Amino acid sequence: MQPSVSIKDLSLNFGNVKVLDRLNLDIAQGEFIVLLGPSGCGKSTLLNCIAGLLDVSDGQIFINGKNVTWEEPKDRGIGMVFQSYALYPQMTVERNLSFGLRVAGMPKDEINRRVARAAEILQIQPLLNRKPANLSGGQRQRVAIGRALVRDVDVFLFDEPLSNLDAKLRSDLRVEIKRLHARLKNTMIYVTHDQIEALTLADRIAIMKNGVIQQLADPHTIYNKPVNLYVAGFIGSPSMNFISGSLDGATFTADDGTKIPVGAYDFAAQRTGASKAVLGVRPEHILLGDAAQGMPFQTQAEIEIVEPMGSETLAWTKVAGIPVTFRCSSDIPLHAGDKVTVGFDIARGSLFDAKSENRL
Amino acid sequence: MQPSVSIKDLSLNFGNVKVLDRLNLDIAQGEFIVLLGPSGCGKSTLLNCIAGLLDVSDGQIFINGKNVTWEEPKDRGIGMVFQSYALYPQMTVERNLSFGLRVAGMPKDEINRRVARAAEILQIQPLLNRKPANLSGGQRQRVAIGRALVRDVDVFLFDEPLSNLDAKLRSDLRVEIKRLHARLKNTMIYVTHDQIEALTLADRIAIMKNGVIQQLADPHTIYNKPVNLYVAGFIGSPSMNFISGSLDGATFTADDGTKIPVGAYDFAAQRTGASKAVLGVRPEHILLGDAAQGMPFQTQAEIEIVEPMGSETLAWTKVAGIPVTFRCSSDIPLHAGDKVTVGFDIARGSLFDAKSENRL
Amino acid sequence: MAGSSSRPSALKKFFLHNLSAKVAAIPMVATVLVVFIGCTIWTIYYSFTNSKLLPTGKFVGFDQYERLFATSRWNVSVINLLMYGAMSLVLTLGLGFLLAVLMDQKIRFESAFRTIMLYPFALSFIVTGLVWQWIMNPTLGLQGTMRNLGWTNFTFDWIANPRMVLFALLIAGLWQGVGFCMVLMLAGLRGVDEEIWKAARVDGIPTWRTYISVVLPMMRGVLVTAVVLIGSGIVRLYDLVVALTNGGPGISSEVPAKYVYNYMFSGGNIGQGLAAATMMLLTVLIIMVPWAYLEFGGKGRK
Amino acid sequence: MTGSAPATGGNTATDPRGPRPKPFFTPKKIMIYTTLVFFTLYFLFPLYVMVVTSLKTMPEIRFGNIFALPSAPSFDAWVKAWTSACTGLTCNGLSPGFWNSVKITIPSTIVSIFIAAVNGYALVNWRFKGSEIFFAVLIFGSFIPYQVMLYPLVILTRSMGIFGTLQAVIVIHTIFGMPILTLLFRNYFASLPQELFKAARVDGAGFWRIFFEIMLPMSLPIFVVALILQITGIWNDFLFGVVFAGPQNYPMTVQLNNIVNSAQGTPEYNVNMAATVLTGLVPLIIYFVSGKLFVRGVAAGAVKG
Amino acid sequence: ADLEVTHWWTSAGEAAAVAEFARVFEEETGNKWIDSALAGSGTGANPVIISRIIGGDPMGATQMNTGRDAEELIQAGLIRDLTDVVADMDIDSFYVDQSLLEPCKIDGGLYCLPVNIHSWDWLWLSTKAYEKIGQPVPKDWNEYVASWPKLQEAGILPFGLATGWPFSGIPGVLMSGIGGSDLVLKINRDKDAEAVRSPEFRKVAEALDALRKVVSPETMVPSFGDVGTQLIEGTAAGNIHGDWLQGDLQVAGAVPGKDYECLPALGLGTQLTGGGDSFYFPVLPEGTDPAVIEAQAQLARTLISPEAQLAFNLKKGSMPIRTDIDLSQANPCMQKALGLLKNGLLPSGDFALSSDTQQQMQDLNTEFLDDDSITVDDYIERYASIIESAD
């Protein structure tokens, strides 16, 4: 099948600064792609290029097989939702929704039909005659989505649509967007730096760093099999624990001499000889007390800090001399100073080459 | 022991609007109190009253036993950290830290000693000669804390110090503040609307709504035994699931007729007769499949939405006709449309009177 | 690749891309190129000629400049402008800031005070000059009145006193301009983050110190706007001098713009006037270029 | 909670409680108000003198003092200034000039503001190559003494065939208003969220549509500032009006200049002052009426450098 | 037809005078005089007049100083040649002095018409002031200077002066009165810098030096009209100013011989320096109504007609350019001037010197008046160097 959006060798410079460099990305019809990365990595820039709001320096952009590299934004079949909502403050919600259609000279009744449909989908019918100033943040964001919706476009672009909202609203709207996608089945490209949003919403996540896509894969793969140290550290909160050391055959020796058997690890490639490596293990894969008993690696540790988070507890300790976080049920009573046994299964961890930082 | 901060019958009006109304609060020496509540509930106002930045309308404020109601902020023995950092933009970090001391006419070497100590505690030595514009958000926040630190005060006030930071940094700095508290053992009053911060940092949390403290207790109690519907719904993400119905003896009958045995519930008071009630259960207390088997209440349900969050998965379903979220390990494969058995133990849930909204 | 054919030619892109934007910018581009740059070049060119009443003269090299710098009226004008400019800039900014600070103290009748301070800005320099000339007239004005009232030693003869006449100009100039500066500054003050104030109070910084050490340096944007406005006014200073002192007593309050004007129109020596104008432009350029560089070049954007 | 009341607690009368007592006269307050009142006098004095003088008779001016209120206020000078003060042979007072000024000010204000608004908008949202340089030159242009440009502009307008007409003076005011107005509009538009502009482009709106339907409705504050600056500036202008507008359009300031600068036997100070006040009346009224909006607009346009 | 006329005759006496021109013009020719007065001569009106002419929006006629101001406009072909218009009037025959017409004649054409002669050469004295000190009104400059100490004792200003340009005419008056006609001709006409360094000129400079010692910025009044008032009231004893001061004195109701005295050429010289105002007629753009062009011609002829000359000059206090009119109605001062005119006219500075040189001269004089650190020697030297570079 033809990709919905296809980006070929896209480069973009601001003056001398290369923000995007020969970037390639194919997005399938109806796919929900999340661009995830730290601030300044070029996510918005990429999205703006797709939308036609920035002139590319080099490369091409295809939407539904059509080369739109030089098209005006309105001719690309895209709708866009912005972080600051970007509602026209002097227009009512209804006119906000219909502005684009009116600009395009669409007949009145078609406009009304579309606005009504969008309002129904987003449940903003009662708000249609209000001005943006009289809406709450969540309502504004819904109107902003509605504005993309009425244009009946193939591709939705979202630029951090939820980051101006408070945590509670954010998680509610996240679910709404997910429902919307399930209902509309449009292609959606969604920029965020919130990994929870990325993990929960995406069909595939593209993790970016300095304008380069590090890994493009489904959330499960990204989370469990990060391709490099950067992705491993970036995804997951709290971060994956890293222990540096060296790898020789089936044994990983931490810098302080602790030996960790890694025979069960599923290496990407056959390898020989010893080399510097980093072992990564996620906080929730470190088990405690009885549960740790069956694990291939176990050690004694002292709890340093306990962070109760209601449904679960985060604890800080030291393994192989390195500070390590782990996560456990809040039913387990933990206190700073407690001595506990912790352990993990390397099969659920990751190993990275210390030099290339790539997954082994 | 004398309380560190004691607030007596504090009232504050802005014109005709009563923002705080006869509020009482005692904070022990070295305690870490978090004021948590939605936007506009008066958290900052309360903090500003304590700091002396707002003139109270009525009531008194004691710090370390001294009535400071009419004192200038600088004479109250408090230090304050602001959301927007509020660093003096044209001064270097070093001068930001020392400005207050220099104005107070403190001897040079004492200033240097204090700045050096604060810089060491916060690990900002390398930044001392930079200007705030050249610092990252996290570094700025550390400097802002440092500014309170050098003043060697008894009470630290934080007004949403982390909400301008991104998620990752926020959780790192959270841990730092916790470490700082463990090290300094000052009294700290911390305003936030992020419940994770509240739960992880606080010795006690004061949950506010419309200028009134709803519940003042340690995080575990707040989370597990909320005193009313408001607190129950406010704390926890995703929210506690609420099923409304009626309570008669040991049986809760949901509005759609589903019967849930509540004999194991630890009622706050003996009660007789039937009454409208709301049953609340947290997402992580709803168990799935095999785990649900042993539960006092079980039912069949269909999964509607699945939100993988890396370390765990959130799923949406319906129980007793009401949308319900539950949380489970990401190891369990779940898909929208799956039919599963879910169950929970009412002993871990909460029951509220439908009318008074208070915990039963 | 299929798409490469649809890439428009560079020429087409140049003309048609954002066509309306380019059309809309024509007035500005034309003004800049024709009026500001064009007239500047014109000015510089004819300053090297011996044009009299009409710009038709022959090229005479630096003759006009040599004469210019040998003319004591010009030299006095330049010194006057420097002194007046420095005092006016400092005092306008200083008083503007002081008044803005006072207005920022949650005072009563703020809007009445503000209106009173601002209204002179609405009046032309001609009016300002006339009124102050009337007030400062040694016989009929304030001095005469006070002497008639019995204070026979009261002296306020600044427009008639060559050593004080610049201060007379200053009084009138400040009267006209301080209000606007105050409004700008007030806007700047109000734009400062509330939390900075709180932080300073907690730090125990006295209010005046906070204004000077913290708030003032934060108002860079406003200061730049204010300096551009005041500065351009100072360089062009003409009407006020003509209306108030007409350059006198003697030549003690002459300013360059007046010199330019006199030689171009009544003196019938355009070449001389334009040479003086060129020197003024040069001075502005010397002051502005570093600023423009900081403002536009330093950011490294295109 | 009562049990933990601190030792110093208890509601004795001397115990600080409630709002901090604030004496009505603090030294600080006295200082503030004294300074403000001093400056208020400084600012009001000339206006007072102008008005009072215009209401006096000539002998009273000559022998009285300038503070004194008129013994018998008379509006004769005003009437004379408005209807019969002479310039050369015509003794119509300021009134014809008034209407000419209106005729010049209205179109000049509208055109110059419109062009500057478009400039600001284009500079912020439709940057083109070198747009910042154009802007820098424009700002630099605001420092050029007007007189320098007079000759070339006469030649320019002549070659455009509009010298001595209303169009010419509109063009001139547009040119000289451009630097500062463009600066204001540029700053203001830059402070609006860029995303609005992007959203409108995605919605398919073009340059003008975005300008008229999105940007303009949001720029009321800065329009007020521009309006006030231009109306007063153009109203007060003498040189351009007299040179470029043509004799049939001589503005009020020309009449004022003629009245006060005519080297008449005994200057009629009362008529001069009345004429001065009359000429300043329009800008003054505008300032007194819209001061608040003006201040707000300045805040919106000037704060960002 | 309507004919727009620009001028800067806006003071009371001037306005009354120009009204006579308009009246005669309208009565005689049936055209309409559209008055376009602009106050502020050099700074205010000149740029407007010049820019309108070069901007292609010329007025029908305009007043300007007789002199070299318009030379370049003429050379650029912007001013109408009047030779044919006045061909039948034989103007050479009735003009008081041929030198008056000199500046108007360029390359064989006649481009302007002087309409009056006015002279700076007047010392005005207040009768009242001298009554106060009980002395007779001085008969010449020397007596006047001698009376200064007495005047000062009585608290009377010896010399009333208005701020600004009125001072600029004084050195020329001193030069012709004290220095004599030869000196004036050598300096103004021959641009002889050595004459400036001569002892004769030194006397002039010393007189100026003496004068500046008795005027102080403190006592200066805003306009020359105020000086007139001072003279009438007797608060100032004397003033050197052009004849147009008399127009203002008359408007104020003062009578020569009774309220004030006038001494032409300081009571010392035998000739008056004089310049005058001229009218120029710009070339009107193509397509102008021929009636307007004809009206230009009619105005030109009217201006120098005996009737208009008489009416105008009586009001203005200046002298007519025609010798053939009856001036018996003229007041005693004018009569004195007419007597001196018979000896011919000395070219004044604004006749003989370019406006650039005049501007420099004016700058020097203003500076000298105000700055006591400029000695008489400095003054002479700087004066000489301006004359040396004059063109």
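Think of it as A, B, C, D and E in the order they're written, each chain with its own count starting at 1.
Throughout what follows, a residue touches a chain if its C-beta (ideal position, glycine included) is under 8 Å from a C-beta of that chain, and two chains touch if they have at least 3 such contacts.
Treat the numbers as computed from the prediction; the structure is a model and nothing was measured.
Between the chain pairs A-D and C-D, more C-beta pairs are in contact across C-D. Comparing the CA-atom centres of all chains against that of subunit B, the greatest distance is found for E. With chains reduced to the mean position of their C-alpha atoms, the one farthest from subunit A is E. Measuring from the averaged C-alpha position of subunit D to that of subunit E gives a distance of 41 Å. Per-chain CA centroids place subunit C at a distance of 38 Å from subunit E.
Look at where the CA atoms of subunit B average out and do the same for subunit D: the two points lie 52 Å apart. Counting partners per residue, subunit C has 261, 264-265, 301-302 as the residues that reach two or more other chains. Multi-chain contact residues of subunit D, defined as those touching 2 or more other chains: 150-151, 257, 260. Here subunit D touches subunit B in the complex through residues 1, 4-9, 15-21, going by the rule given at the top.
Interface residues of subunit D, counted against subunit E in their complex, comprise 86-90, 150-151, 154-155, 157-158, 163-164, 239, 242-243, 246-247, 254, 257-267.
Residues 18, 20-22, 24-25, 27-29, 31-32, 34-40, 42-43, 55, 95, 98-99, 102-103, 105, 107, 111, 113-128, 130-132, 134-135, 140-142, 144-145, 148-149, 175, 179, 183-184, 186-188, 190-191, 220-226, 228-229, 231-232, 235-236, 238-239, 256-257, 260-261, 264-265, 270, 273-274, 277, 280-281, 284-285, 288, 292, 295-296, 301-302 of subunit C touch subunit D in their complex.
Across the interface of their complex, subunit B is touched by residues 38-39, 166-168, 171, 174-175, 178-179, 182, 193-196, 199-200, 219-220, 223, 235-239, 282-284, 305, 307-312, 314, 316, 327, 330, 336 of subunit A. Interface residues of subunit B, counted against subunit D in their complex, comprise 2-3, 6, 8, 24, 26, 55-60, 62, 65-70.
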